[in-house]
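Letters are used for the chains, namely A, B, C, D, E and F, taken in the order the chains are written, and counting of residues starts over at 1 for each.
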Amino acid sequence: MRRSSTARALVLGLAVLLLLPTGAMADTFNAAGKGLPDSVGINSLWVIVAGCLVMFMQAGFAFLEIGFSRGKNAGTVVAKILTNFSIAAIMYWTVGFAFAFGGEAGHIIGSHGFLLRDFGDPQKAFPIMGLSDATVESKWFFQFVFCAVSLAIVWGTTLERIKFGVYVIYAVVFSALIYPIASGWVFGGGWLQSNLGMQDFAGSTAVHLIGATGALAALLLLGPRRGKYHPDGTARAIPGHNMPLFGLGVLILWLGWFGFNPGSTLGALDGRFTEVLIVTQLAASAGVLGAIATARLKTGQIDIGMAGNGAIGALVAITAPSGYVAPWAAVVIGFIAGVIVPLGVYAIDRKLDDPVGALTAHGLCGVWGTLSCGLFTLPSLARYNAVGDPGLFYSGSFGQLGVQALGVVTVFFFVFAASFATFWLIKKTYGMRVTADEEDAGLDISEHGMYGYPEQFIPIPELVGYGAAPHVATPAPAPAPAAPVSTTKEVTA
Amino acid sequence: MRRSSTARALVLGLAVLLLLPTGAMADTFNAAGKGLPDSVGINSLWVIVAGCLVMFMQAGFAFLEIGFSRGKNAGTVVAKILTNFSIAAIMYWTVGFAFAFGGEAGHIIGSHGFLLRDFGDPQKAFPIMGLSDATVESKWFFQFVFCAVSLAIVWGTTLERIKFGVYVIYAVVFSALIYPIASGWVFGGGWLQSNLGMQDFAGSTAVHLIGATGALAALLLLGPRRGKYHPDGTARAIPGHNMPLFGLGVLILWLGWFGFNPGSTLGALDGRFTEVLIVTQLAASAGVLGAIATARLKTGQIDIGMAGNGAIGALVAITAPSGYVAPWAAVVIGFIAGVIVPLGVYAIDRKLDDPVGALTAHGLCGVWGTLSCGLFTLPSLARYNAVGDPGLFYSGSFGQLGVQALGVVTVFFFVFAASFATFWLIKKTYGMRVTADEEDAGLDISEHGMYGYPEQFIPIPELVGYGAAPHVATPAPAPAPAAPVSTTKEVTA
Amino acid sequence: MRRSSTARALVLGLAVLLLLPTGAMADTFNAAGKGLPDSVGINSLWVIVAGCLVMFMQAGFAFLEIGFSRGKNAGTVVAKILTNFSIAAIMYWTVGFAFAFGGEAGHIIGSHGFLLRDFGDPQKAFPIMGLSDATVESKWFFQFVFCAVSLAIVWGTTLERIKFGVYVIYAVVFSALIYPIASGWVFGGGWLQSNLGMQDFAGSTAVHLIGATGALAALLLLGPRRGKYHPDGTARAIPGHNMPLFGLGVLILWLGWFGFNPGSTLGALDGRFTEVLIVTQLAASAGVLGAIATARLKTGQIDIGMAGNGAIGALVAITAPSGYVAPWAAVVIGFIAGVIVPLGVYAIDRKLDDPVGALTAHGLCGVWGTLSCGLFTLPSLARYNAVGDPGLFYSGSFGQLGVQALGVVTVFFFVFAASFATFWLIKKTYGMRVTADEEDAGLDISEHGMYGYPEQFIPIPELVGYGAAPHVATPAPAPAPAAPVSTTKEVTA
Amino acid sequence: MKKIEAYIRHEAFEPIRMELLSLGFPSLSISEVKGSGRQKGITERYRGAELTNYLRPKVKLECVVADRDVQTIVDTILKHARTGAVGDGKVFVLPVEESYRVRTGESGEEVLQAHPDAAAATT
Amino acid sequence: MKKIEAYIRHEAFEPIRMELLSLGFPSLSISEVKGSGRQKGITERYRGAELTNYLRPKVKLECVVADRDVQTIVDTILKHARTGAVGDGKVFVLPVEESYRVRTGESGEEVLQAHPDAAAATT
Amino acid sequence: MKKIEAYIRHEAFEPIRMELLSLGFPSLSISEVKGSGRQKGITERYRGAELTNYLRPKVKLECVVADRDVQTIVDTILKHARTGAVGDGKVFVLPVEESYRVRTGESGEEVLQAHPDAAAATT
């Protein structure tokens, strides 16, 4: 029954594939070819490189989650990230990209560019990206990896107890509809951006808040991990099993953000991407220091996890303003995000079981970052990007701040409603949570049939090799000579 | 005796070095300099960036192998990958590149470009790469990392029982002769490519099948790991020790493929690399879904390893057609490769002990990918690349399919014969396999003298620190105050 | 007391932040904008990509250190690397970059470019980098990540016993003063470079020797780890806990070096970066072979750690000459560095406790690499770079060799004096070392309040999940049916 | 003095520990063991092949008590360790001739004396 | 009732387990120990320095059986655990006063009764 | 013959091992255990929440010796294991009825005989 229902869930993803060939036999490639102006190649090159850095963030999220999970739930993250990333690619190619970018300025939902075909002149077809002459394929890839990042964020709150099939079903809905529509409003040339002038350069709201909102909806329906709260309701720590792998995730994410924000210029020739990059670096650095200092004052510890979360939180916060603010402002924005992180995690942990702190790092910091444009956006850069007005500190007006707030609220409610409805349906039909026994045993063995670390959970003496030595079975009383390669020396009485 | 023979093996690698300086004193650099057309810099930039992504695949293969190995054999993979990568660089620089690319169209073996010197005009010297004006140094690096990938693939079947010295000897032969010759035929402008019109854009055959063929030859002479088969011949599972590290490997490989295929355009200015990239992404995604669904139906599990192998298999399959087919075809090619992976692994595992599934992912999928050009190659892209004809679905002709099949068979037999002979000689003289005791103890301790995870295999209490606490030795009955930094609280009766 | 003093240490880092906004309200961006020549975008693109590769080396150093540490000290490395990297960014932005590059040719210390503001024409403001028209932001980022690499090197000798606060304090001093001044002399257009003609293309001295010198000063004041030396003074091995993660670090560093050296061209259009890259690759490869062979002859083992250290040592050695020498010379330089590594490590280990071999890989090999310019620099490249003269083998003159030696000695003494003084002050006031009990328990629990691997050090049965199975609590005698998803079969009598 | 050795399921230990503590028996040790009995092991599949693990992880609980306390301890263990399914485990009682408390060097029964105050200690 | 404690090599365990099972003694527990005896440890080298490990990993096998079965068990262990090299280990026999089966609460010898059917179970 | 079981701190083991060796008692085994006693556990904080671990890691030392040697062993353990703080642990003495050396199959006291030469062995 479980089996067949998971299978059914999978079929959803596959159905898509079978529909494809129909009428897609034509040569779909037209953007590229010999004799293009150099700028196409140069800008496309940067967009692709940036996109590759963002793609690698999948590994970043995977190891951040793995490090914060228990060893019995480490392997499932690998299967999850691969499945989600794959579903997102198929769905974003078939419909997502078209919904997000394939519409006139101010659109609610795009209307062309499905399967990346039949859209005519790419510059006109996806007007908001017309400022860059990079090939549409490079732009698709860059926008797709953003979608995959947003989807990866959703699952941070659901670790260690969710049924695998839930990933499959929600991933299809999210990457086909929820993300494309909401992100299209914010940075796809939709109404929030084009009509209201909401500023979100690389997606504090359009990517991170959307993901965190889905994560909240999932968490509310899923509930905490067994043992997370004492009978009296007080929280109990469930430490992740591997801080080094957590650190690997953080460093990969930091690297990926150098594609995420600077790449959102969609081009290299104006040099703007180099300015966006240092703004990003300074904010992240300030975030680490802010988080460490805050956690230190609250708990007396240099909290390893908070140092990493602080970097992420600050990177999330600077994502929206990275194209609009000066370096000094980036430091302030990042530092405040760093302070928000431990305070948010401590507060939320009392009631909601968010193992990786996604609600804080991507949610609260995403909101802060979006609003910060309303405070710090430079006049020159508002002009340069031709979106919205300068921030409060320069204009003295609360106008832009209001627009930012409106955008945040709108996106939150849309995504929350859509996600909650989706998860609610899943819960009623397929179920969201593994059984208590499966949760105790861990998802690796119960969902995947094998532990992520078999030697630790089901060690088989003769396979693992404890106690065996190159010369163990040697009948000689002083077996040393039997181990010529290793310099192992055996001492005997 | 073992010692001296491994030493002898090493000397091979070193001998090469001592020969170098002779007559190489001249300034070998001539490709680059001030006042070149921009296109040289731009195209070289993309080739170098792509080459760096491919170089990083060494880490991908290392962690894929580490994850699928037992903990007692995890460290040796690190020494192996570093040694192989290094030998390949020296050999491919001295002779390999020249053999592969330094010949006229249709050559059997190249004749110039040794040590990257005295080749005259680089565009003429390496005609097949003349389409790109990237510097010859950037092209050398790109082709060298391909050689290193192919070599890394060879060892997937040999984990956990092979003698380290075998790596050294075969690596020299492979990167100096076997790979350069065979890959030169297929994409170095050799006879299969230039005379027959075989299509292999980035090396499904030229890199992956060659590697997998060497892996098969090694495995046949090496035999299975101890304990892999029950006395009655039925296979028994030997689980790898670390699925998260396996996942790291897969994600790094996926990233690397964005250099592998799109980089094979050897230039950025025509924008083609962006089209090749999305074709690659779509195929890989379909491969994951195909593999997961197939394994799910066969075993009832969402198999973590198969999800990863599915991605690899699909990436291998799309490597040849990535420059020739449309996105929809990529999805089909990748999905079918994904289906092939679990079926191939289950079938092969019954008789051959291939711990990482290299024979399936790189062998079977490499064949499928090469043949798929004969089905899906677009007329426009056959023209664009000026190699071969459109595929069956467009031309209605089996011609190209036949050429592809011929190429596969030719390469397989050449590489298998050369590799089998090499390994056979090694087995007769130096030996291929460690002793049973060494295998039981693991290669880390027996070949390298120290475990990859010493604290797990030879824990030394006072070093490891179990049970120690910041305040343990404090004589005070309630030692808590003694631990000011950590918030550790000790409760006593 | 410890708490408040660490807090005080942190405040240093934060104070910086509070000073920032003052007078920084202006739009600081001027380097970039529409209508720039393509070359700006292209060269900036390469500098940024190279900078990202170098930034990722932080992960390389982290995992090299983690792998060589014991499990009880693995987590602290993550907090350390994030904190150091962040402090370095803030300090290098506020003052470091200005001190290093903001001066006339031959300067002792730069005078403008603080906060990257008010420096007028960037090409004139930072004359030594005037050869490249990449944006000043891209150059800042590239130079900053070099500073962060140098700082990361410092801590290799201090693992497993240093107080966290020491990182914070020294990081501020190092990235604000010590590194900028000394590196400015060598490759910032300072007196050693501009007046004496010292050749150090990418920083064998300016980055690696500076870091290793700081590491030596720290080590002399810190002393060895408990248990490292027997009462009789003989050294005892303290094996690192994770060779696979060590290998990950090495491979990431290797990749990073393709940004480190080739990126030091600060541009792509002359194609030189491709030549620098293959020189780097060949040297690293020779280094691995040299180190393996040497260690093999000395100990009879294929030493995994030495293979990695050999790569690093060779990469360090080729850093200075990478822009000056021919490929064959790179092979010789790298191979010799590879031989130096094990010999240096064995010798130093007898008296000094350097867990990762930083003194050898970055110190001795840094010196060797710097001197090697005096032997192998090509006439053509000395001209091309317009720094110094050809090496002994070409010119027959010891002149350049003498200049290199003088540079090495000068930098060593300046950095050693400054670092020793700083650490001495820290030791007297704040203290450098944790207590013996804290060291025995490990830095993770004593400095950070939680183990890096909690399940190994404080396993809590019901959380970890050993022994739990999807069907354990099922009262049925044959529980198999209770585990539908996993194919777990239970056999009962 | 007697030594009680019990092989039980992991999840049974925490309730046992808590009740023993409240009864004034805080002193015990546990270790990870693997065992077989009626319950014969478990077969997993990995990449298509089978892997049978004939041993199942259990917790071994060791506790030395005065003769008069043996029954209390055994009953507590039996009460919490029973699920009714195979694999619940066994409890054995072995004779002990002497006991020493390292901290004080004292020996004999008082080394084992229950700590009535102990129950409060962890609240 | 007696408890047999054997310290043996890892590779010796599987054959012992199988024969005991076929003899109808499926019930036993093992754990990882480290020990020293005649066999005194092992010296490795790491980055040039020596590391002596005075203890070697062993498997500790524990099995409680009825008095009449002790010799069978001991002989089986001795038969399979012997390589003739130092480090083969030791076997000890300790008295046991009482046994309980947790699942049923029953006590006494029948708790230990051999399961003649057990042999078949895993085939 | 008696079996000595001691639950001690990790850092106490090495000095004990060395002195026993020098006294001619090289034969012993240790294993990792977790226990509670007077010493009641430890509370850590992680991301703001508390985590109480009621058990502390200890080393369990097992050593079977001839009756006449029991006191020597016990005294050696007590001497080195004592710090005076709670958590020092306990030592128990259990009766042993028979011993076998696997390598030779011989049984009885001589299996346990001290190795006066052993001390030298590791120098």
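In the analysis below, a contact is a pair of C-beta atoms (placed from the backbone, for glycine too) under 8 Å apart; a residue touches a chain by one contact, two chains touch by 3 or more.
Keep in mind that what you see is a predicted model, and the values were worked out from it rather than measured.
Shared contact partners of chain E and chain F, listed by label, are A, B, C, D.
Computed centre separation for the pair chain A/chain D is 45 angstrom, with centres defined by C-alpha atoms. The geometric centre of chain B is 51 Å away from that of chain D, both derived from CA atoms. Residues of chain F in contact with two or more other chains: 11, 26, 31-32, 34, 38, 40-42, 44-46, 51-52, 57-58, 83-87, 94-95, 115, 118, 121-122.
Taken residue by residue, chain C touches two or more other chains at 3, 6, 38, 42, 45, 49, 238-239, 242, 248, 299-301, 303, 440, 445, 447-450, 454, 457, 462, 466, 468-469, 472-474, 484-488, 491-493, whereas all remaining positions touch fewer.
The touch graph of these protein chains is complete, with an edge between every pair of chains.
Those residues of chain F that touch chain D in the shared complex are 2, 6-8, 31-38, 40-41, 52, 54-55, 58, 60, 74, 77-78, 81-95. Remark: chain E residues 26, 44-51, 115, 117-118, 121-122 touch chain C in the complex.
Within the complex formed with chain D, the chain C residues making contact are 461-462, 466-469, 472-477, 479, 486-493.
If you check the complex, the residues on chain C that touch chain E are 234-239, 298-299, 301, 303, 305-306, 342, 345-346, 349, 357, 491-493. Within the complex, the chain E residues that touch chain B are 11, 34, 42, 44-46, 51, 53, 57.
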